[in-house]
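The same subunit A turns up in both complexes below, where it pairs with subunit B and then with subunit C.
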Partner chain A sequence: MNDLRLRRARRPLPSRPLLLGCVATVALVLGACGGSSSDKKVAAGGFASGLPTDGQKRGGTLKLLGSEGFFHLDPGGSYFQLDYMVTYATQRPLYYFKPDDPKTAVPDLADGPPQVSADNKTVTVKIKSGIRYGTNKKTAITGKEVTAADVKYAFERGLNPSVANGYEGVYFPLVGADKAKGGPISGITTPDAHTIVFKLTKPFGATTARALVMPLTVPVPKSYVAPLDAKQPNPYDAQPERQAFTGPYMISDYKAGKTITLVRNPQWDPKTDFKPAYLDRIEWTIDADPNVAGRQIFSGTGLANADTPTAGAVKRFATRAKDRITFTPLGNRFVGVNTQRKPFSDINVRKAFAAALDRRAMLLARGGPLVGQLATHFLPPTIPGYDEAGGAKGTGADYLANPSGDPAVAAKYMKLAGFPSGKANGEKVVMLGENDSPAKETAQITRDAIASLGFDVSFRLLDQSTLYSKFCGVRTELEKIDVCGFAGWLPDFSDPYAMLTANFYGKSITAVNNSNASLFDDPAVNAAMDKAALIADAGDRAKAWGAIDRRLVDKVAAVPFLFDNVANIASKNVQGVVGQWIASWDLAYTSLK
Partner chain B sequence: MSSVVPAAVTPPGGDPPAAAGAIAARSPLELFWRRLRADRVALGALIFIGLLVLVAVLAPLVVKLAGAPAPNVRSTDALDPTFGSATGPSADHLFGVDNLGRDVFSRVIYGARVSLEVAILATGSAVVAGVVVGMLAAYHGGWVDTVISRTLDVLLAFPILLLGIGLASACSLGDGCLGLIQPGLGVVVVVIAIATFPYIARIIRGQVLSLREKEFVEAARSLGASDRRIIFRQILPNLVAPIIVYTTLVLPQNILFEAALSFLGVGVQPPQASWGQMISDASAEFEDAWWFMFFPGAALVLTVLAFNLVGEGLEDALHPKARK
Partner chain C sequence: MARYILRRIGWTVVLLALVSAVTFVIFYALPSADPAVLRAGRQASPELVAQIRARLGLDDPLVVQYWTYMKDVVLHFDFGFSYQSGESVRAAIVSRLPATISMTVGALVIWLATALPIGVISAIRRRSLLDRVTMTGALLAISAPVYWLALVALYLFASDIGVIPIFDGANTYVGITQDPVQWFASLLLPWLVLAAGFSAFYARLLRANLVEVMGEDYIRTARAKGLPERRVVWRHGVRAAITPIVTVLGLDIGVLLGGSILTESVFNIPGVGRYAYDAIRTADLPAIQGTVLFAAFFIVVANLVVDIAYAFLDPRVRYG
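After this line comes the complex of A and B, so read on.
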């Protein structure tokens, strides 16, 4: 199976013009470098650009082949790249990123930009009229118009344990949210049917306004969904075909772990939307073998990948079908070690591990330079703060100086950790990894690095779904494991806050759906993040977060190894359009040829 | 082999010599060896297995003499620099490298160790357990036989591979199962032994049921021999031949079983080299990296074939009347 698709869609607002894409490594998608519609089809290196073009064909069925399942299709809980592909095709959040303009969030459900008060503590949004709910079976809300109260309920249910949104507290510090557990939140008011006002506990409006692209802002009709929210598991998630849909498509059929089908939403009015929605139908296979899928997409028609193609597929397309593969720079990848459990609770052991890890081998295992560049800190090139954190050269930490690993530096830190010989004495380290390529290979490289320090590694590979849902994403299990899977992050929006807090902010550690893989909780770093989150000026914000990134490297919160170029592949008759903010196909813009 | 005993030589205290010109009978062992030697195919297979065992035991030396790196040494320089993919046979790497840059020749050699170790240990365990259980059931009969036989029926009804996957998965994390079955090679050995001993137990039970009614057993019983003496002195020696034959037939099956478990990810864990696991890793790359699957696959096929041929040869040599 493929490596875990990174969590969270984001949208890469680059800190420098997209011209960066033109001079980067072989395979970057050029957003701004293209000019005319014909130029837009081709990126540097002859690869497909993944941008929308004029005259795309309407109609037809696209078949997506994937091997990873969804985490949550309920927009309230959706927080995974694959979940986003479905959610953003079937629902309308307040704001949206067009695939060819990842810089600017445009109003989708909203009717204009968010208004942030002068004290940065109130955000007001107006919503459009005439947007109606579509459902598979006729219900009381079929055809009913969306109101601001539905957006208010969406936020309130996010705190319901049966929804358990993973980022609401992070991006939306709402007044009254600490007392609400799925009930009313006093900090959200709806003065009329098309106005919603968010009152915040702190001057966080600049960040909250950016976060209004998140799927939590998708409207949810209370009268229809509240009875479902009282159940565990929540049927709005487990049976997503029962949802109330506002987007151009709706889920007509879902068999968990097997297939999902999207069809046109008859209640969607194209006059209220900018999305073209060319396709009639999308059929998505969830249990495809990734290697077979790569070959099928290569030689078939009407097919495209759902999750990360294998290294073999990337090679095949990059050498024999360049015009059918896109590369989108986005996000990072790192190895998180449990910072709250011996031996990695000792910073010197973490430094030793960082020094021992062969990051060049990790890059090659994932497919070589085409799929990314070596990372020396956590903010990727497209996020403000990257340069301030050291850029490509990094922070200068000696334990990250040699991409192939440095046993001498590793030994030095092991000695500082109290191992006079420079190696451990066979102490046990528990490591779980994913049993599909390329995660399987990177897991073995990581295991080798830990073993080279003298630890006895109890190493087990599991399927991705079990690994993350039963172990890595569950705090009580994660506490017993030293290295659990791999982590990587795609920012929710192009802002360093969205890039770093989910993985490294102490309060991000949750009992379930945990994103802080290292269980990293440093009071000084937390305080710095709290302070930096309130900075409105872009330059000062980048500087502050760049400093935090450096601090995360100094504390070895995790070991970064890759800034990703996310590959997507398609059959010859597919005009695939990549949402650059999510580095996945934007199903509302993709078409057949 | 026959021999003519020279006349007039009487060893001290020994029996008087046979009359001059008499022919001494060949011993059963001699007859067995003669028949086996005549089977060139079985002999060839036996030689192959002997060499395989030697290579497995001397794996570090073989790899060193071949100039290959150790099996878990990753050589990123051997990978394709653009795509990070495996590269094929070359002067530096006889069988090419895998997708982590590890030498395939070295891993095939060390993989032989895993396959043989698991197969021999698992088969040995299964045979011991099968013989004990089968003998117990058949000799005592009655409710003992009933309970044991029904238990064997239940175990035999389980699909072996699924049982193996379930047990291996359950016992592969943390402290294993009951603290006894530890994750790693131990799990694989135990799983295979549990999955295969019922077959042997059934066969042995059938043999013992027949043997216990024989006259020599009755005679021993009437002379006052204890059950234990009868089992070890009368019955067990007559089981040696079938035990040997079934062992050699079960062993290659267990080699394949280990390969299947490793292929499915519940056998030997990486980075330990195992033919089944190598084949599993290679299945994704076969189109671009045929060597990665070909060499461990060929080793597995030849090994299983050799054991099967030896098993057949032993059966023919031990039971010539059963020959077609």
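After this line comes the complex of A and C, so read on.
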């Protein structure tokens, strides 16, 4: 099992910044989206682009083959890539990223862009009329119109431990949320049936507005769902076919760990939605062997992958069926070192390590150029601020100049760190890594780089879940470890805030569930992040975060080595359309040929 | 006899309790993932993780957690719910048992139907061409990892990806009540793959035992009495040589009913083995505990049946 599949299943996902209400109109937002044409079918290298085109066929059944199951299909808990594929096909969040334009979120349930107040502490959203709930069995809410109160309840239940939303507290600092455990939140009001107002505890509106693409914003009718939320486990999650659906599809059948089937939602009105919803039915098989699935998709018809294909399948498609494989950039990978413990608390040792690390070997170990490009900083190409941070060229730091490693530069920094010979004297370094390929191989390359500096490396490999939840994510444990092989991030939405704060903000260091692998806590960087989070203007925001990215490289908060490319494969009669912001099929746009 | 059976059943209950306790201890004593953290997601605050932990009862002392779990199992046959999917573990296992039983029974029929004649013929016609060919084939089948064999079988014979497409391939399984013909077709290749190794092992075991038995004095006596060779082989030889195989068979059936993880995975047959694998991968303790208990139950019951059968066959066992 490769770690990318696990990684995809466990990490937050990317999106793109919303245009703010005070600077944009719906027309402008929609106008920013690219049109569709057949010349979009092919991407660089002759691979399929994964973009929507004119004249896609309506009807038919798509079969998805995946090896992983779902974590949470309740939109309140949905936080992982596979969950998102279903949630965004069956539900309507306030905003949505069209597959071909990951840079601009467009109103979905919302009726126009979010309005952010001048003090950046209030966000107001108008909701469309005429959107109705569909259910599998007729209930009191079947055909009932969605109101702002339903979005309000979605946020309230997110804090209920039976729903346990993982990011509400991060992106929505709502007034009164600290006291809410599933009940009313004073910071959310609904002045009328189609308006919802979020009052924030701090001037965070610019970032909150961008986070309104998250599944938490999917409306949830309180009268129907509150009784379910009182149960443990929550049936709205465990039996998702019981949900009230607003999207073009409904979950008609779900067998945990086996299959899920989506059918058309009869209450969905295409006049209220821009999604084409070509397919009649989507049948998703879970637990398929990835080696077999890759061959079935290659030889069969009407099939596509649900999660990351194996390296063998990628190679087969890339050489023999280029027009049926897509590569989509997503996220970053880096090596975090403990910046609060010797020897890596010394910035010169960190620079020496960066210089010694053979990042090209790391890329090759992961599958070569098809799987990504060498990283020289932390903001990937799809995230605003990438260019401002130096783009592909990087920041110019000499310790990252040679991707194959530079022993002379490493020795220079070791001398500056107080090792006159340019090598350490066998001081002990504790390192943990993942035991699945290819993470195992990259961990071994990292170990060799540290050892080449003269350190004595104590090296242990563990499975990813254990590594994170018992060691790298637990501060007291992490403080005793020099290198914890947990490296990489997929942002929740395509904004540099969502990309950098989780890993490098001082307040991200927590007792448990810690995501700051380097224990990096630099007051100047923290202050710069606080300031940049308030910036509403997209250009200014990208500049500010690009500068922060540069500063992270200067401080060697970690050593970046890869910007990922995610592969998706499909059978010959499938026109797979990839939601660029999550690098997975957008089921509302994918069709048969 | 009744006392013997009661005593064996009593030991079975003790063994299951021990297995459940050991699983609990292993899960907590060895490094494994924290279910609350996995449930909460990467950005969740420590407060939220603490709430989830309290809600799942993970804050309770280990003894209390174990007692609560066992109480529910014994009194309500309730194995809790999956941390991962929220699904009832009992319902999940029960819904997957038919697939696992189908796999086990079908493979069992094939491996016994092939192993017994091969073993007997090889033993009787030692060093013949047939003996050499079948034993070499058996050696190969034993040596081939079942995962590899399953992949090769699919790449050769599956109707969708095979070079000679004659069998239904992966992802085609349906329940017997849904479509018996499709059920049979979808399981034929998995049965053959699963049976291959077992068949080879049983054939070699039977051959070795039978070769030894056929050299015994009582076989010579039987022949001297003028009994037909067929009767000598089947009534006196095979009957004695097959006893150790019954013991192994009981264990193997028990193990397979606990789930044949690799075969189920490759062919995507939604059985208990695949469920166990997923549970381990996601640190889903209730599901791990449930599948381990089920597997242990099948193994000890199969042993119990074998022991009771022995007691009937050999009175010395009853009083031993």
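Going forward, the second predicted complex is superposed on the first by the 354 of 593 C-alpha atoms of A that agree within 3 Å, B and C clash if a C-alpha of one lies under 4 Å from a C-alpha of the other, contacts with A are read in each partner's own complex, and residues count from 1 in each chain.
The definition used in the following text is that a contact is a pair of C-beta atoms (placed from the backbone, for glycine too) under 8 Å apart; a residue touches a chain by one contact, two chains touch by 3 or more.
None of the values given here were measured: they were computed from a predicted structure.
S.K.: In the overlay, answer first, second, both or neither for which of subunit B and subunit C A:Asn291 touches.
M.R.: The answer is both, since A:Asn291 touches subunit B and subunit C.
S.K.: One more residue to check, A:Val556. First (subunit B), second (subunit C), both or neither?
M.R.: neither
S.K.: With both complexes superposed on chain A, which partner does A:Ser437 reach: first (subunit B), second (subunit C), both or neither?
M.R.: first
S.K.: Let me test your reading of the model: by the given contact rule, A:Lys258 touches which partner, first (subunit B), second (subunit C), both or neither?
M.R.: Second partner only, subunit C.
S.K.: Figure out whether A:Leu363 sits in contact with subunit B (first) or subunit C (second), or with both, or with neither.
M.R.: First partner only.
S.K.: Mind working out whether A:Lys470 is in touch with subunit B, subunit C, both or neither, as first, second, both or neither?
M.R.: In the superposed model, A:Lys470 contacts subunit C only, not subunit B.
S.K.: According to the contact criterion defined above, which of subunit B and subunit C contacts more residues of subunit A?
M.R.: Touching more residues of subunit A than the other partner does is C.
S.K.: Is A:Val213 contacted by the first partner subunit B, the second partner subunit C, both or neither?
M.R.: Neither subunit B nor subunit C is touched by A:Val213.
S.K.: Overlap the subunit B and subunit C contact sets on subunit A and report the shared residues.
M.R.: Common to the two interfaces on subunit A: residues 291, 295.
S.K.: How about subunit A: which of its residues touch subunit B in the complex?
M.R.: By the definition above, subunit A touches subunit B via 290-291, 295, 310-312, 314-316, 318, 358, 360-361, 363-370, 404, 430, 435, 437, 440-441, 444-445, 447-448, 458-461.
S.K.: In the complex of these two chains, what residues of subunit C are touching subunit A?
M.R.: 31-34, 37-46, 48-49, 51-52, 54-55, 81-82, 84-87, 92, 95, 151, 154-155, 160-161, 169-171, 265-268, 270, 274-275, 278, 281-283
S.K.: Would you pull the subunit B residues touching subunit A in the complex into a rising list?
M.R.: The contact residues of subunit B facing subunit A are 72, 74, 76, 79-85, 99-101, 172-174, 183, 265, 269-271, 281, 283-285, 287-288.
S.K.: What residues on subunit A touch subunit C, complex-wise?
M.R.: For this pair, the touching residues of subunit A are 1, 10-12, 65, 69-71, 79-80, 161-162, 164, 166-167, 169-170, 181, 232-235, 237-238, 255-258, 285, 287-289, 291-293, 295-296, 298-300, 462-463, 465-466, 468-471, 473, 492, 502, 510-513, 515.
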